[in-house]
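Consider the two complexes below, in which chain A is the common component and chain B and chain C are the respective partners.
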Partner chain A sequence: MSATIFVHEFRARLKSVIIWSASLTALVIFLFSIYPSFSEEAALIQQMMSRFPPALLEAFGMNKLDLSSLLGFFGFLFVFVQLCLAIQAGNYGFGLVSIEESELTADFLLSKPVSRTQALASKLLAALSSLLLTELVIWADTYITIGLFGGGREYSASTLILILVSMTILQLFFLSVGLVISLLVRRVRNVTPYSLGLGFGTYVLAAFSGILGEAKLEYITPFKHLDPSYIIKNGAYDTPLALINGAVTLIALGVSYWRYIRRDIPAVS
Partner chain B sequence: MNIFLRELKANLKSLLIWCGVILLMVLVGAAKFSAYYNDASMLAILDSFPDAILDAMSIRAFNLTTLSGFFGLMFIYFALMGGIAAAMWGSDSISKEERDKTVEFSLALPVSRSRVVTAKMLAALVNSIVFVLVTWGGSLAAARPYNPDQAFYNYLRLEMTAMFMIELIFLALGLLLGCAMKRYKLSGSTAVWIILTTYFLSVAASLQKDLDFLKYFSPFKYFDAAELFREMKLDATYLLISAGIIFVCVAAAYWTYNRRDLYI
Partner chain C sequence: MSVIEVTNLTKYYGKSRGIVDVSFSEEEGEIFGFIGPNGAGKSTTIRLLLSLIHPTSGSAKVFGKDVTTHGPVIRRDIGYLPSEVFYYEGMKVIDLLKYSASFYGKNCTERMHELSEYMELELNRRISDLSYGNKKKVGIVQGLLHSPKLLFLDEPTSGLDPLMQRKFFDLIREENKRGVTVFFSSHILGEVQRLCTRVGIIREGKIVEISDIRSLQKNNYKKVSVTAEGLDQKAFDLPGVTNIQSENGTVHFFFKGNINAMLKKITSQKVADVTIEEPTLEEIFMHYYE
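On to the complex of A and B.
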């Protein structure tokens, strides 16, 4: 762990963190501000739908969330927050070491008196702190927004905390998977297409398996590992899926270290 | 011409990956769809509802027991993927020259900057066309086992035209960002931001009637699957807006690129 690298990395990302936090804050406030007027309509629809047979609701994906309840609506908009968080974490993960190579600063970094393990650890910690900072802003934002627009409705505080904690798990997943992919391919030229492909690809898979009922897609998409509608329904994580998520994160981190220590890094010619 | 061919070749890998992904999506979707197709119990339930309710809730447009309903559900994913792919092709083809430090070389060639932009734009356009055609072909192949009728073919054609329009809008936008942004690194991520924002706007617009005006800001709302299904044609107003956006973006792209100071 090298404090210099940590501070440098953290500073380099600060602007991006501010932009992400501000946009996500705006997103949460904007979408949740619809809730007060929506909840009345939704309550009517919900009433009507309760007369429908469950098979029909399932086919149209309407059995997942009760949008008239506060947490139900929050879970609905939280999926979009998750998508953004995934892309942010993917950006940091894919760029963590590959940017040094594409900007030709890798040999400068590695000529410093720190081991590669140390350099990678400092970089990872810096990226992680940046992500945590973003999440912290969303935590605060969520409570303020619910206070403003929730209309004093009851909701389960512990479930909300579970949902908010799932942000960290999700971002860790995308950070480490992004990192390991960037170390497995020969060269990452541009970070965005990669993180976007990973984030959006898995998001679409999750949305897809949602529409089409039970599917085996759940195992491969992290959005299903930490599906807010499951958390709201059961007040707990889907343990096997969450464990898969954690295991993939750990394996990805391990492989990243292993690859990075042995990586052949092109020098400036 | 040389730049055009060079550009096509450079984009080939990305095109193949995108086509592979969308074919996989159609394939997985079709496999799941087979479980719902003509499901008797669901059809009976649908029949028992009055038409007014079915229309109000757009249930008929997304009726999973029919092919058209299934492709209606798929449309937003087609649109999102088409939009992202086209925006990436548009912005990356311009900004990668600066990133890879090849911009001096390509602009030292005996062609004007406008011709460079034209060649790159056409290459990205060809990619977008191929992408739509592959999606169309994949969908037709997936629908074949269910003996689709003429109405389905018409609807699919409409969807594919809409997807192509969305691609054109985001391609023009990506091109503009690639040409106009001083910091080449940001053009791709800005394009992504715009796509995500417009997508969220379209979600918000469909949630709340008061926010309906937002639909003018989101290309995903210009071509809405349920609306397409009801009207069976593209809305002229939105087509005009789309054409306007595309024209302005492309014109601005040429204008800025001819004047810009390049990062070397």
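On to the complex of A and C.
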């Protein structure tokens, strides 16, 4: 671990963290501000929902959630927060070593007296800190927003904590999977298409697994591993799926490390 | 003591050749010139020694330690100026230099300012606003600010104006006087001739010659021009004569062999003018590449 790399990397991402945090804060406030009208007109909403095609409700996980309850409504909007968090973490993961390599600054960094292990560990910790900072903002934002628009309704505090903690697990997943893909493909020149592809791709898979009722798809999409509607219904994580998620993260990190220390740093020729 | 010791080092990038079976060593305090055309494997060799890339086979030691296992320790005392300089575009020069210095765990501020002033580098500009020559100056300061014991210079003068080149050479000579070992890669022979004590010539990934720069010039052929009346170039048809050309009554050729035999040949002519000189490194070099 090198403090000097950590500080450099953390600073480089600070602007991005501020933009993501601000956008997500706005998203949560904006979507949750509709909740009061939902809760007051609960019967009307249920009636309206019953006219929607069931496939659509499945795709957004709305059939499992009671949108008139506070956590039910939060769970509905949280899916969008998850999608954004996945893209942010994917961005950092795909870019962790590839940006440095495509901009050819890796020669500068790795000709310094640091080992590959130190460089990778410092970069990972810096990215993780950036993600945790974003999540911290969302934690605060969530409690403030519920206080403002929740109308004093009862909800399970422990379930909300479980939902919010799942942000970290989800982002770790996308950070490490992004990193391992960037180290397995030949060369990543632009990070955004990769992270959008990974984020939306797995999100669409989660939606499809809802529509098709296909249980097998649940295994491969992280959004199902940490499905907020499951957490709200059961007050707990879906343990086998959460374990799969954690295992994939660990394997991705292991393979990344193994690839990175053996890697030839590309140069212009 | 050998600062660099390279043994049968080979590097393939997939199927394409980097370097093949390269062996050489460099003693402490030497300025070793590494000459070869583009793509010969100069940068590959340096990048292997810095463990930025891993060898396919063979081994290399720097400061007596294996580069693949002791990279971080070795790099503490290495300064590296790459042939193409790339730095974090959004950073200011001063921040980049501070970042660079922060890796060495010692105070480099004074040396950093000294070097920047000497190289006329403006510290408050953004890297993205710098011209190529100015980026190269950042590279020079960044490579020297921690007072390394071994310097890798990979085509260091490209992008520098002649005045700056001279300042840079003076700087390198000064460092060398303080005991710094220099590994100098270049395809410009003039500068190698000016600076280096020993040279290695690399061609298509293989070392073709390692030699003291003086003996390379001395034990090589001589460059002879003879001007005489009614001169026929056939008169110099001796073994050891190459590249013979005649022009306006003057015959030019290269000669390697017994100089007395050659002198006898020349005195048998009605000589108006004669020069016998050592070839420039350039000419020796061309000879290796023909």
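The definition used in the following text is that the second predicted complex is superposed on the first by the 245 of 269 C-alpha atoms of A that agree within 3 Å, B and C clash if a C-alpha of one lies under 4 Å from a C-alpha of the other, contacts with A are read in each partner's own complex, and residues count from 1 in each chain.
By definition in this document, a contact is a pair of C-beta atoms (placed from the backbone, for glycine too) under 8 Å apart; a residue touches a chain by one contact, two chains touch by 3 or more.
What you see is a predicted model; the values in this text were computed from it and never measured.
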Touched partner set for A:D264, first chain B, second chain C, both or neither: second
Chain B or chain C, by number of chain A residues touched: B
Partner chain in contact with A:L196 - chain B first, chain C second, else both or neither: first
Touching partner for A:F80 - first (chain B), second (chain C), both, neither: first
Partner chain in contact with A:V114 - chain B first, chain C second, else both or neither: second
Which superposed partner A:G235 touches (first chain B, second chain C, both, neither): neither
Contacts of A:G254 with chain B and chain C, given as first, second, both or neither: neither
Of all residues in chain C, those that touch chain A in their complex: 13, 39, 43, 47, 50-54, 71-76, 78, 80, 82, 84, 86-90, 99-100, 102-104, 142
Interfacial residue positions of chain A with respect to chain B in the complex: 23, 27, 30-31, 34, 37-38, 52-53, 55-56, 59-60, 80, 83-84, 87, 91, 102, 189-190, 192-193, 196-197, 200-201, 204, 207-208, 211-213, 215, 217
Touching residues (chain side chain B, partner chain A) in the complex: 14, 17, 21, 25, 28-29, 32-33, 35-36, 39, 41-42, 45-46, 59, 62, 64, 73, 77, 80-81, 84, 88, 92, 96, 99-100, 188-189, 192-193, 196, 200, 203-204, 207-208, 210-211
Footprint of chain C on chain A - complex, ascending: 2, 4, 8, 12, 103-108, 110-115, 118, 262, 264-265, 267-269
